[in-house]
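Below, each structure is written out as structure tokens.
After this come two complexes, each holding chain A, first together with chain B and then together with chain C.
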Partner chain A sequence: MICTPARPYLAIFAARFLMMLQYRAAAVAGIVTQFWFGAIMVMALSVFYMGGRGSASITRAEAITYIWLGQAFLGLLPWNVDPEIVLLMRTGNVAYERLRPINTYFYWLVRAMAWRTAATLMRSIPLLIVTSVLFEYVGLGDWSLRPPPSLEALALFVLSMVAVVFLSSAITTLLNISVVWTISEQGINIFTNSLVIILSGMAIPLPLFPDWVHPVLLVQPLAGLVDIPYRIYFANFSGAKALGAIALQVFWTAALIVLGRLLMARTMRRVQIQGG
Partner chain B sequence: MNGLRLYGCYAAASIKSQLQYPASFVLLSIGQFLSTIVEFIGIWALFGRFQDLGGWTLSQVALFYGTVNISFAFADMISRGFDVFGPIFVKTGEFDRLLLRPRSAPLQLLGHELRLTRMGRLLQGALVLGIAVGLLELSWGVREVALLLFAIAGGVAFFLGLVILQATLAFWTVESLEVANTLTYGGVAAAQYPIAIYSEWLWKFFTFVAPLACVAYFPIVGILGVDDPLGAPEWFLSASPLAGFVFLGVALLIWRLGERHYTSTGS
Partner chain C sequence: MRGCPRTQSLTVTTDGAIVRALLTARAMPQIAVQDLSKTYRVAERRRGLLGAARGLFSRPHRHIDALRSVSFSLEEGELVGVIGPNGAGKSTLIKILCGILEPSSGYCEVDGLVPWNERILHVARIGVVFGQRTQLWWDLPVIDSFELLRDIYRVPEAKFRPTAEALIYLLKIGQLLHQPVRQLSLGQRMRCDIAAAMLHSPSILFLDEPTIGLDANSKLALRNFIKSLNRDRGVTVILATHDMHDIEALAERVLIIGNGQILRDGPIAEMRAQTSGERRLIVDFAEDVGDVMMEGTTILRRTGRRIEFAFDPRVTAAHTLIARLTTEHGIEDLSIEEPTIEELIAKFYTTHGAVEA
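Moving on, here comes the complex of A and B:
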């Protein structure tokens, strides 16, 4: 048996991942909703592209691919606090977290990773298959998810998506820690929700924003959740530029993990348990 | 006490309880405002880049957008009782108590909660509508103002009907089905753009099955005074919001069927 420092974290990941796979009805509801929203955005964007007088740095087919990837991997976005952690805060069970012989920050980070990836896995596979393969067959080729132009792009995309999982979980863990102060998650959820939707590229692809905001949009941490991996997918970022973009994702992930650990240490020193 | 006055009492009690936490109310409303305005920022950015959407201008689209958001905000504000009907009323058996009271269940469910935080979306819709009205230089006569109010009222009836249908499902499924959100939130998302830009099956669905286009698209085309690319006759543009009320009526009839089918979960 392997006995490494990582072992308890792997076990935590596996346990939560398998538990999250039980929520199949929610996944079906999610898939239907995402098809709907994706279809509306694809239709509106098509009309913008066809009739519009302006030009964009990504083509219509690329923008449509961007939309479908966004709908497929929506579950990876760090748009809310882990409800189980909120319950820990409310009931005071957060005290038990201090008794475990593992690092609480990494424990929460791994929980977040399992939660996000399991929810996404169930939704993304049917969405990806239908929008890439089935759409071609039923004559909706214009609206379909296109394959990446090269194997290199695909490999870099996979690498970038791994970075997304870490980045998203680091943000989720920061949100979780902030609940220690606020006790209620409602306010945090509603504010992060808007920020994540607009700054990641979910609302509209970031390249379609006015050119003068592009430099700012690219370097902020939320671009690493949607914009960077998808532009790598259709080789809008390729070669050294793609590697630089992935390095940016890694930089933000590391910075947010350091920040999260500092906050966690400060919070846990002065945590007061609600009775009960 | 008649139904309307009773509803007034319910609403007053609900507002009073929410104002016990004024800071929370203000923050959640601001949050609602921000989370809905991001969608308009997206539309604004797309117009900045492409200039027009199949012949429609940004200020015209803003009029569609504002109207449907105001309608949905009002409906969302009053329909909380139906929204949580499955988990809060059917699953717990709480609905039995409602049936014992000498008032109709839909009235009591409407009175369950009046969600003030929906002010956020309402203000956002009103702001966008105001900008649209300012930019469009339309001549606002009695007909235009009346048609706008008619469209908003029809829209409230339509969305309320949708939420009631969603709640009716809970008589059979106990749980509330989130799939129905596709039609409420998804409907708002679709009707923010002029429905003529979509494929034929989609605008036909929104005209003849779930008549969202009748409470948003057609009356607004009537107000804008442009030629309807879908070719609807003039009288239809002004009369179409009636479809929202018909839809609500049908939803209430189906609700009554469900109510008759109801057996308590017994817990």
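Moving on, here comes the complex of A and C:
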């Protein structure tokens, strides 16, 4: 393992991941926020399900599970630029990034993966435990996160979540590359924030959108962040359909990585280093 | 890593080939720079609110020539100083040689590689320190940064350990290894930064203002270290600085850059001899004297009873001047000084119009 081509990238991942684990207070604050948001969304959805006529394409219990999974894995959503990259641009320290004998695109991709997964790991575990086990125990079973219906669904879900990590990091890296041009992250953050939250299914589960937009919503890349894995979780997608959905995630990830590498190469040829 | 391909080819070839390999190694400079130019395109902002509004639609662009047709070559094991006023193009030159920037035109080869085309191969063989930045991870202990660099440069542990230990000893940073970088003083940080740049045993070291902001002791320690790297380990060093003492202490050869061009390339001593033979005679008179006019001198400054004369020793010998002064006036003290290297360089910049606009 010591001499594999992956050695630098593994080391960078490990360093960033461990560094991120220091931010425990932020994680606690995040957990509290996500309980709050999750509870409000669950209540709102329950009201809709009580008053709604006709049939939705997922049940109320499934929708609630969808919401809690979304809150647990909120950290994986690529809605903002990595502040570390912004700092590199502002200070001109990006020069040192280019002095490392490694591919800068994959350097940044790995760094984004560590950043997203470390933040998510600390938040998701307590949230998953409380909403599934504890809710049941204190009599909130109606509002709880249900277990997946089968082992097969669970296995496919895990596979799909791995794809989420790559897809999310590829999108994050694209956002990061945009900062090389703009130097400021604010514009891009505001723009992507709403786009990602709506089109991934984080704001309203995608199956609850009107039927006629479903085909469009499903094939766009952001569905692969939330909608696809969670529907696989409660077997709304199963078997061949689930595998097809995962293939779609992989396709978008590959496409975005190719795009990112092209943009990175173009960008770095034109980069000018700030300040001396 | 140093000279790796060459040594390898030597071990497997016959005697004739060795001679040829040695000859080609001799003939090829380690760094060859030919007609290198770099032009930056800078968008300008117009003044005021109206200007900002117009700027939304079109922005005037200005072209800045950071380097204009720069050529030089460097042999393995040289220690060359690069000086020049702010904005002269020093950093641009170094960044191009490092492979970070691509020039607008021209060619350059470092150890047989074109830096910006074969960046990954190239940067594995060089070490770089930018004095104004750090390559260490701000929140990590120094040793963690070192180990991260070891993995990034794929240095085998068996090679890394002795290298790191030697660097830690020479730079006296053993006490600092477990502190986060943000807690280090500038001098401590710079020593760690230099060690970080040498962990993968590069054959060329680029230093961009390594002594900026350091106290006298740190500067001396750093200079000694750089000198020993160059002398004992044969590392080629390119040192860009504003500190003329760095240059005097280290560099045998100096490139003076101004307005993006090489104004002079040669030994520092030669430059000193050519630029100015001027000397100064500083005299403290025993009593108030009026205008002391002496042939062959000009008065530079007058403070109380002290007068500073400038003279050219090739025209008027110092002892003649002193003899004349002592016979005509009562004198408390006198001394003769050479202009400082800073003054020489400043004068050089001004005469070449190489002062930042």
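By definition in this document, the second predicted complex is superposed on the first by the 274 of 276 C-alpha atoms of A that agree within 3 Å, B and C clash if a C-alpha of one lies under 4 Å from a C-alpha of the other, contacts with A are read in each partner's own complex, and residues count from 1 in each chain.
Rule of thumb we're sticking to: contacts are C-beta pairs under 8 Å (C-beta built on N, C-alpha and C of every residue); 3 or more make two chains touch, one makes a residue touch a chain.
Keep in mind it's a predicted model, so treat the numbers as computed, not measured.
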Chain B versus chain C as contact partner of A:Ala255, first or second or both or neither: neither
Which of chain B and chain C A:Ala247 touches, first, second, both or neither: neither
Touched partner set for A:Val158, first chain B, second chain C, both or neither: neither
Chain B versus chain C as contact partner of A:Ala265, first or second or both or neither: neither
Chain B versus chain C as contact partner of A:Tyr49, first or second or both or neither: first
Which superposed partner A:Ile197 touches (first chain B, second chain C, both, neither): first
Touching partner for A:Ile125 - first (chain B), second (chain C), both, neither: neither
For the chain C and chain A complex, residues of the former touching the latter: 40, 91, 95, 98-102, 119-121, 123-124, 126, 128, 130, 132-135, 137, 139-140, 144, 147-148, 151-154, 156-157
Chain A to chain B touching residues, read off their complex: 26, 28-30, 32-33, 36-37, 40, 43-45, 47-56, 184, 186-187, 190-191, 193-194, 197-198, 203-204, 208-210
Of all residues in chain B, those that touch chain A in their complex: 24, 27-28, 31-32, 34-35, 37-39, 41-42, 45-46, 48-55, 177-179, 181-182, 185-186, 189-190, 193, 197-199, 202
Chain C-touching residues of chain A, taken from the complex the two chains share: 2-3, 7-8, 10-12, 15, 19, 22, 91-93, 95-96, 98-103, 269, 271-273, 275-276
